[in-house]
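For reference, chains read A, B, C and D in written order, and residue numbers begin at 1 within each chain.
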Amino acid sequence: MKQDASDAFPSNWGRWGADDELGTLNLITDEVRARAAAEARTGRWVPLAMPTQPASMLGGPFAPPAPASPPVQQALLYTGTPPMGMAELLILNPHHPGLTHLDALAHMPVGGLVYPGRPLTEAVTPGGVVHGSTTAFADGVVTRGILLDLAPGSRLPSAHPITAADLDAAEARSGVHVEPGDALVVRSGWTFSWDGGTPAPGMTVDAVTWMRRHDVSLYAGDISDTFPPMDPQVPMPLHMIGLTQLGMPLIDGVQVEELAAVCAELGRYAFLLTVAPPRLRGATGVPVNPLAIF
Amino acid sequence: MKQDASDAFPSNWGRWGADDELGTLNLITDEVRARAAAEARTGRWVPLAMPTQPASMLGGPFAPPAPASPPVQQALLYTGTPPMGMAELLILNPHHPGLTHLDALAHMPVGGLVYPGRPLTEAVTPGGVVHGSTTAFADGVVTRGILLDLAPGSRLPSAHPITAADLDAAEARSGVHVEPGDALVVRSGWTFSWDGGTPAPGMTVDAVTWMRRHDVSLYAGDISDTFPPMDPQVPMPLHMIGLTQLGMPLIDGVQVEELAAVCAELGRYAFLLTVAPPRLRGATGVPVNPLAIF
Amino acid sequence: MKQDASDAFPSNWGRWGADDELGTLNLITDEVRARAAAEARTGRWVPLAMPTQPASMLGGPFAPPAPASPPVQQALLYTGTPPMGMAELLILNPHHPGLTHLDALAHMPVGGLVYPGRPLTEAVTPGGVVHGSTTAFADGVVTRGILLDLAPGSRLPSAHPITAADLDAAEARSGVHVEPGDALVVRSGWTFSWDGGTPAPGMTVDAVTWMRRHDVSLYAGDISDTFPPMDPQVPMPLHMIGLTQLGMPLIDGVQVEELAAVCAELGRYAFLLTVAPPRLRGATGVPVNPLAIF
Amino acid sequence: MKQDASDAFPSNWGRWGADDELGTLNLITDEVRARAAAEARTGRWVPLAMPTQPASMLGGPFAPPAPASPPVQQALLYTGTPPMGMAELLILNPHHPGLTHLDALAHMPVGGLVYPGRPLTEAVTPGGVVHGSTTAFADGVVTRGILLDLAPGSRLPSAHPITAADLDAAEARSGVHVEPGDALVVRSGWTFSWDGGTPAPGMTVDAVTWMRRHDVSLYAGDISDTFPPMDPQVPMPLHMIGLTQLGMPLIDGVQVEELAAVCAELGRYAFLLTVAPPRLRGATGVPVNPLAIF
């Protein structure tokens, strides 16, 4: 992304001050929360994280086969003979495409800067992330979520560039208006992945501009930016503009097939959305299982 | 715990079949969930996990001082010069007292058996946990939570043995009846810890029997079992009977001061409780940030 | 291995006292060392470890493909922009067949006991290995090594049970006598592995008894015990008798093709052998690159 | 270090070609090796690594106290009940001052370049180190070592700037001439550390120039560069000039008290030096236990 062109892109830099770390979570007001709570009626819920099976670190002939480059590894611990209790170490790679996770605002520097215009070198020191980390999301997020199903009962074409028109059409189908502070849950019918030979659809600058216009507070989708990039000028619109310019936290790799089925069954595309990762400070990403509660 | 005496203790072994992995989560029916959803009115919420700062793994003169035996460690990753994105590895010790976490049912073998009476050697193999793991909780939990504040505005005496009478008194103060399927959030005024010289209060068999009588679905508290144990016969009543005999998942190390303040302010001790750890299968424990939503 | 039959097997339990941790390294006297030093004449040397490429822990689209279940993983660390220095974390699985390593004496309990007859529960506590660990080898080992090439220019048949007769024949071919305190380097022509469909050759009780008779101080080979085992009575003779009964440290997974070629070229099958793993205390295994110096 | 001033500093860039990765190890010829082998007479040896006790990763009330920021961590693994074998994971921070280690040539970029003038971005990619890694040292090093004891029976003053004159004096005391291809083992009487309040002595540009003049092949010392730096122009002469300009591998943190005592006892300051880290490719540092063999 050419830095001198960035003025043309939507941005929230400065909107909530030079020290802000909450980004678009600032949009979740008491009114938004009350609107969210009103959606919780029966307590039926759908988890949006994909299940992840940790790979055993045992190795050797008695260990189960482990996949290459797993997102999570597990080392079961010796606690005596007989064991006092069963315990383990877990080694996580939070930004791995096989693990549903929240991106913190400092995850993606653009031109050496992170939201809201702070030099990367100030935000992230060798010893830790001091600005724009998961600390800002450690309390969790409670807001209204809206499912935008871009391809009901089907899936978008490969490498489809998702535009504002796609989002408008899905919003119209949902029967709900996306209002400031709402979280967007997007279904394309694809599985989040970086290594497939078939390029997934991805968000365009036009789509991210739509999100800014609607003041979306948080994005969760079964697709994100395309890899390889569609647009060499802005190779990763959702990360470079959505995350870094708007300060809009992203949840990569949600699984929304069950949610889409439940929304269709109930005829309801809005729900109470909770996002409560482990309360870890100072990370650039953290695994999370968002819940859609009806 | 003498195995031949265990018939005298409450147990749910067999109640939901010999292969059950959900334990007391079976008690959370549609009716319970609807009762829970009815508590979400304003969307105001309180996170129940304690904040955890990962320790830097950088080492050397440029790294910040790190604590001994940290629950979570972080290794910020090199992604090029300049960096393509900021990322890290996280190494977690889920059962560490400095990390709010959910205990899976296979965590605590008693006499070589785990819930509901399965040999440990069948449930936990060197290559992984195949019965009683976090898989059972990977969808998350949505139910009604009740705060039982055992020492409003104060804290229990050191090493106080918590009995059914203590729980009855707190329930009466709360103005709510604990009904089958509800989750219990317990406040003693102590900070969860294993290394303090001053022994914390802890649950007795009598208290755990109370939980069975009320068919509590999940326990979360700022105290748990005492260490060192109070009763050599049953050194860890909550873990050995609550977790293993009842199949009642435990959340160790919740932080409830803010919750107690909000409950007192609102005059409401019931809330929608969500428990949504990372959706990891096959672990014996997993960090979690439960949310109390009003 | 039936415990009551073990009296029939060779053993060094008690030979150097009840607290001994050096095992057959006790056999390396000043005289043995002088014999070893005399073999170092030209300074030409051959490394005996197999090369191991750590697997990148980066993950994602920019990371190189990583193998499943790697013996060593590497996380390159962020040290600033620009980086102050390049550094990493290394995560090792010392007993992995893809990593040449030294087995400490407490690695293999037999009937609940480790060398020299100590209960496993005393030797290995949940917090660490307090008897029979790598501490005993932390100074390194300097002795004379002898290559026994069991199949010069070829390889042994699959699943061949190696006996004393095989070792005698190789010793005769080498032109050197194996004397007390010497280390044995064994070539079968196979690559150390546990996952091959084709079973490798392996040591029999007869061969291990030969090692005891010759008072071998250390074993390093391109084969070890067979997997699956050949003899259900003693499934792992080298580990169960050699390591545990004799207290003879084992180096698993050496690579000896180059050594065999050099020995043949020089017509010399004896050399100065150095074994100098990282000086780590308290482990059950540690990676090592033994050097054969001529 | 001002890049435009670097022409004034000694350098081996280009001496062995633009693709060289061996650096001063190129100086170890057959003649040097024969000179080294001639020093091995009795087989008596001294290990030069400091002992390192891995910190337990167990955590909780049953784990031993662990130090902050340990160089090596150990997770003992569950291998069944009863255990099939004792094993562990080891997590290493190779450049930690508490772990004797070898620095690979790409460890220290100066002005964006590593030995022999290659851009860091080419040498170290996010996925791994492709030039100047430990691969070059994976075979091990066998050469003659010379102990230069800078303060026999005592220690240098704090923050003493070590010059060529210091090295000359120690060489004269040793009775040996440092010849091309020899390794230097330096004793100052200090313990390698980065966190002490009392600054250790450290090498000056003058001393490193001496090493270039004598064509030293490898440096191992109980001191290195000072921290904080003595000379703001060249804050780390041994790393920035020795490692990066000369391509001279460094072993940080050797322990030489026992060596100094043995040298004094024998009246011999030259020995066969073996350096055989685990045969890991692609790392920037690796733990090692060098052996001095007499």
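As a convention for this text, contacts are C-beta pairs under 8 Å (C-beta built on N, C-alpha and C of every residue); 3 or more make two chains touch, one makes a residue touch a chain.
On a predicted model such as this, the values are computed, not experimentally measured, just so you know.
*Asks:* Looking at B-C and B-D, which pair shares more C-beta contacts?
*Replies:* Result of the comparison of B-C and B-D: B-D.
*Asks:* For subunit B, which other chain has the most distant CA centre?
*Replies:* When every chain centre is compared against subunit B, the largest gap points to D.
*Asks:* Nearest 5 degrees, what's the C-alpha rotation angle taking subunit A to subunit B?
*Replies:* A turn of 180 degrees brings the C-alpha atoms of subunit A onto subunit B.
*Asks:* So what's the Cα centroid distance for subunit A and subunit B, whole Å?
*Replies:* Each chain's C-alpha centroid was found; their separation is 27 Å.
*Asks:* Distance between subunit B and subunit D based on Cα centroids, please, to the nearest Å.
*Replies:* 48
*Asks:* What whole-Å value do you get for the distance between subunit B and subunit C if each is reduced to the mean of its CA atoms?
*Replies:* Chain centres of subunit B and subunit C, defined by C-alpha means, are spaced 45 Å apart.
*Asks:* Mind pulling the subunit D residues that touch 2 or more other chains?
*Replies:* Subunit D, residues with two or more chain partners: 57-58, 60, 62-63, 76-84, 86-87, 89, 91, 93, 95, 112, 120, 124, 126.
*Asks:* Thinking of each chain as a vertex joined to the chains it touches, would you call that graph a line, ring, star, complete, or other?
*Replies:* Topology of touching chains reads as complete, every chain touching all others.
*Asks:* Spell out the part of subunit A that touches subunit B in their complex, as residue ranges.
*Replies:* Residues 30, 32-37, 40-45, 47, 49-54, 56, 58, 62-64, 72, 74, 76, 82-83, 85-95, 99-100, 106-109, 112, 120, 124, 126-129, 135, 138-140, 142-143, 239, 272, 274, 276-291, 293 of subunit A touch subunit B in their complex.
*Asks:* Okay, in this complex, where on subunit A does subunit C touch?
*Replies:* Touching subunit C: residues 55, 57-61, 63, 65-69, 71, 77-81, 84, 91, 93, 95-97, 112, 120-121, 124-126, 194-195, 227 of subunit A.
*Asks:* Please name which positions on subunit A make contact with subunit D in the complex.
*Replies:* 57-58, 60, 62, 75-84, 86-87, 89
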